[in-house]
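Chains here go by letter, A, B, C and D, matching the order in which they are written, and residues are numbered from 1 within each.
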Amino acid sequence: MTLSRTHILALLTLYAIILGLRILVEVVGPLGPITGQLLTLLAFYIALGQAFNIFLGMTGYVDFGYVAFMALGMYGMASGVVRAYEAGLPGYYGIVFGLIQTITLTSLLALIVGGIALRLRGAYFAIATISVNEGLRYLVEGLDIWEGSRGLIVSGPLIRLFGSEGFSLLATIISDIMVFSVALLALVISIVFLNTRIGYALKAIREDEDAARVMGVNTTMYKVLAFTTSGILGGLLGAAWSFKVASIYPPDAFNILYTIEAIILVMLGGAGTLAGPIVSGTLYGSLKYFLAGILPGFQLLVFAPILVAVIVVAPEGIVGALRAYIPATRRFIA
Amino acid sequence: MVERSWLILGGIVVILLILVGIGYYTTRPPEVTPTTPASTPTGTPTQTPMEVRTPTPTETIAPPVAVPDRIVIGFTLPLSGAFSKEGQLALKGALAAVKWVNEVYGGVKIGGKRVPIEIKYYDDESKRDLVISLYERLITVDKVHFLVGTYTSTLVMAAAPVAEKYGMVFVNWGGASDLINKQGYKYVVTTWTQASRYMAPVLDLISSLDPTAKRVALIWKSDEFNRIVMEGVRSRAQTLGFTIVYDKSFPIGTLDFTPLLVELAVVKPDIIVTGTHFADGLAITKQLADMGVNAKLIAVNVAPSVPDYYKSLGALAEGIVFPSEWEPGVWWGPDYAKKLGVEFFGPTPQEFHVMFLAMHGEEPTEYSASLANAIILLVKAIEVAQSLDQKAVREAFSKLDIVTFFGRFKIDPETGFQIGHQSVIGQWQDGRKVIIWPPDIATGKPYYPVLTWEEKKAGRRAIP
Amino acid sequence: MLEVLNVTKRFGGLVALKNVSLKIERGERVAIVGPNGSGKTTLFNVINGVYKPDEGRVLFEGVDITDLPAYRRAHLGIARAFQIPRPFPNITVRESAAIGALFGSYYGRIGVREALEIADEKLKLVNLYDKRFELTGRLTVPELKLLELARALASKPKLLLLDEIVAGMPPAMVDHLMLLVRRVADEEGIAIATLVEHVMRAVVRFADRVIVLHLGSKILEGGPEEVLRNPLMEEIYLGRRWSP
Amino acid sequence: MADITSILPYYIISGLLVGSIYGLATIGLTLIFGVLRVVNVGHGAYIMIGMYVTFWLFTLYSLNPFITLIPAFLVGLALGMLLFYVALKRLLRAPELSTLISTFGFGVILEELAKVLWGADYRGFVYSLGSLYFQGIPLPLVRVWPAVIALGLVIALYVLLYRTRLGVAVRAVTQDPEGAMVCGVDVERVYFLTVALGIGLTTASGALLAIYFQQGINPYIGHLYTLRAFVIAVLGGLGSPIGAFIGGLIVGVIEQASVPLFTMLGAPNPFGLSVFLTFTLILVILLLRPQGLLGR
């Protein structure tokens, strides 16, 4: 799709609404059932979907090990902070160092996995990435990297570096801002990609990779580019989230469930669409959150059938279906 | 063709439904009737038919503090996902505690009034992302007065920062990791014995029984909890002069322990200590039996403290030793308080036991008792503080030295570490859990050395 | 401009191309003729880089491109229109054509906007302009072939490889298409190599030169009339008759 | 520990036993993928159902666990049919990944239903047949027989696929659905039967796993096997049932036999590293031979 100004404006408006609500909640307190952390949770899902969409939605490759990027992001940030604390450096050094580590680790992983495994196609690529993810997890546990299975706990160092107040700020507002920024960054990058050569190359790859090569698309480069971008964004999201969970355990951090969630977020909204992750992130996040309160213990029994029903009715995703069946929406929903 | 396949489909669905129905009908204990969804979030224990909210006795003394007409305690529990068993057990305890406070005790004594309590809870699906936003919802939307924790360290770790941010007292009853209280949180109060002290008394027990049994083997799941438990066991072993002859871990998610057990059979230790949770605790016991690996004493973490353990393993569970924060039959009552020279508060162990049985039709477990205890302690702290102010209640916790049905409660004022409570050691004897350590509250004698697997299969019971 | 020197390509034990050499000059139209399995398609794949030859070299404008990957050759100006159109079903006609422009010999010199303009221009040329916002997947087969051509032309090629583009099209359209290609090629100085299996009439009208492949070897080369009259042809096609 | 390496044969036998059940537990996954190109993300849930069927029938009616294999298989067939009609039929022509969501959702529904019906308790039973002795170490018969039965089922499947008309149709659809359709194969019926059969075999393998391990059965136990099944499926070649079985054997042997080897090398956490080794092996195989050991 070619993005018009209307498309971009509509997308940014959606973002602005969520961000605006978040700020409003911060200032005046929760609006009914809408709390700051709920909005951040939604932003988290939106960011996850938006970041993964750059790879999954645009290239059609399924990275079943996507959570490895988030995990490395969490570990990168957390170990940076811990290192700074142990070295007696001021806290913001730790955060800067953590960010650098996050970006280095995730881009390294993306380049290595992308360079090697992206030669595989379809299900083979998917399973190769599962193996990378699980392999990493057991490597961390088996060789006791980053405290191994004991888990890397950051809340202590953070409290000592920034004080209780500072830690609270980090765990809520600052990491919230980071989550929102990642979501926004992922959207902006998606828009930029779609409006330049890159987007066309990725779409050609998704549709027919061999033909794309003959037409002059350097498929390897664009695939690795999308993979790396998507991976780094995932890593940054993990880094932001590490302040919130305050502790990182390998089985949790490398949990394949996050990958499945990311796939659901992309597919539910509509792969390759820009508004898709916003719609699906909001829907998915709020369903989970509110059902947890309405039917504690039974919410998944309501949630899962809804998921199945939606995808059976609209296999191309919500936004995809809207665009397909209501042509008028194509003018402003991308 | 299609029609026939529909017929087959229909037929098999019927079979399926029948099977499901059998399973459901025969296994449904009366108390598992799902709570009516609409009313659960308010947290009132709707499943108890005799539930009556006690009207607050009217003692008309001008209240010095603004007292609400009820005090709401909020928490999340893993009611689905990996820890749903523990979560469900804990919820039953919470309901029992509310009933005791409101109906037996008559409500929290504050500002000259008696105020009933209420619980509000959500299902966190054993997922940390949800824990964060749900705890904030409890604080900001539901405006609960106090928080208690959720089950398991990893989830508690995610919840604590939120409580901290809003300066809410957070009574941690379900995270045993030593690390929680090492983070410098100001509002986290832990009621459990830390993991490092949890299983070590097993070695004290053996020292007192058999000075010749010195060769210990450790097999443990490499998760954070069992790792710390084993560190505690190791250091106690050193002090008491044990030799550790085998010490290996297995990754989370292992159900086949053959490679380790074969090695263990070669090593032939006197004592086997396993660090496990439920599924692996059951599996490892079964496989020790299958492989015929015998020892003078076999201690298994976590799994045996739940009655399901005996139900699943039958006679094979005989003689298995396990640690627990609490067991029904641990009569840590007013006598114990008197001996320590501290106050006793809450239901006596017997009272709690009877009430719980009446409410849920089953014995309380470690998890049920832990959450119930957290709520009862919170009530006491509020009464001591005579205020709903978080700082005041937190200080009251620091000053408390008290015994409840759960045992002693005393924390390190700075960190919130539990230093008063101690874990107990139990043993399955003839189908019943018997407390065998510490001696002053033991309900029976230890059976030692334990029966071999062959003897158990032949039907012998561990009756001392 | 294009030189194929002694190229051999094997697949396992099967020799698909045996020591084939040929030359195509700027602006020239060459038809490569041969029955099914003669190695035509393999030859195209060697020229545009899908396969690497086992022996021999490929030169383009005097540069050895034997080891260049397919996409680099596209940047140099070698474009290909596929026999069985390989549409990108889920994107629009206009975008499909624009991909040709973006990654052809304009590569790196134009942005999306210019590419879309070029796409529009070529779509007008092949009469698909009205359908430019349709999804490619909704086009008919002849329309797809036109799009395939538009996309190839949009890349501003120096050498256009037409992969049996006329097969399966109504005769009237074939003539129209051939005229169109010829006109554009003349205007822009594009050399064209086209693969032909049966439709010999088109060959005569269209090609300056005909190269005949059989069982992987080049057996004939020359002007169309000359080649068609050669008795070898009848042998190759097993006595099959063709319209003159 | 010199005597530990000397019992390596025991480890290998033990690995083959558990591996053959892993293999059977993977066949359903790979069969469905081969024919429908659907990755059943909820695979583990059906294993869990199979385990519960065996557990309940044994505990309630003292039915011989090996006989429960039949009802477990039937329940699987029913579930497979249900899965096909509810979650897959309408998505066959939809974007490939949409089935990922519906199969995931279906798996979650089964798990949550199991939790509501049977509780989240960790259950188990004790059923013993005595032991063989190999190198002086007991090899319980409740582990030997399930492995033998798994092998038998695989042979039966082989016969079904290669010696019957249905099998020919299934294989034809695997190779080329459109071609098969042209040749008069009712592709949708083949899809339907494949899903039913695949899920049936999966629940049957769950029953065998229940006999093998007997303990720790709970609604979420399937997760332990889903990932392993993915890996084994790729190892054997996606879509190749026989390959999956051999892949299972290999993974079983690696899991068991690499532990003493790592111990000998003095690794701090040999068990964890043995799992790491499994995944690394998969990666290497994928890169060298992406179609898997027996893939086309």
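By our rule, a residue touches a chain if its C-beta (ideal position, glycine included) is under 8 Å from a C-beta of that chain, and two chains touch if they have at least 3 such contacts.
Being a predicted model, the structure only gives us computed values, none of them experimental.
Minimum number of contact steps separating chain B from chain C: 2. Taking each chain's centre as the mean of its CA atoms, C is the chain most distant from chain A.
By count of C-beta pairs in contact, A-D exceeds the other of the chain pairs A-C and A-D.
With each centre defined as the average position of its C-alpha atoms, the distance from chain C to chain D rounds to 49 Å. Centroid to centroid, with C-alpha atoms defining each point, chain A and chain C lie 43 Å apart. A separation of 31 Å divides the Cα centre of chain A from that of chain D.
Put simply, the C-alpha centre of chain A and that of chain B have 35 angstrom between them.
Residue positions 112, 116, 269, 272, 275 of chain D are each in touch with at least two other chains. In chain A, the residues that reach two or more other chains under the touch definition are 138, 141-142, 148-149, 298, 300.
Chains that are in contact with each other form these pairs: A-B, A-C, A-D, B-D. Residues of chain C that touch chain A in their complex: 48-50, 69-75, 79-80, 82, 86-92, 94-95, 98-100, 102-104, 107, 111-112, 115-116, 151, 155.
Interface residues of chain A, counted against chain B in their complex, comprise 29-30, 32-33, 35-38, 40-41, 44, 138, 141-142, 148-151, 153, 155-156, 159-160, 164, 167-168, 171-172, 241, 244-247, 249, 251-252, 288-289, 292-300.
Of all the residues in chain A, the ones that touch chain C in their complex are 1-2, 195-197, 200-201, 203-204, 206-208, 210-219. Across the complex, chain D meets chain A through its residues 33, 39, 41, 86-87, 90-91, 94-95, 97-98, 100-102, 104-106, 108-109, 111-113, 116, 227, 230-231, 233-234, 238, 267-269, 272-273, 275-276, 279-280, 282-283, 286-287, 290-291. Interface residues of chain B, counted against chain D in their complex, comprise 1-2, 5, 8-9, 12-13, 15-16, 19-20, 22-24, 26-27, 32, 34, 80-82, 84-85, 87-88, 222, 248-251, 253-256, 258-260, 262-263, 265-266, 278-280, 282-283, 285-286, 290-292, 303, 306, 308, 311-316, 457.
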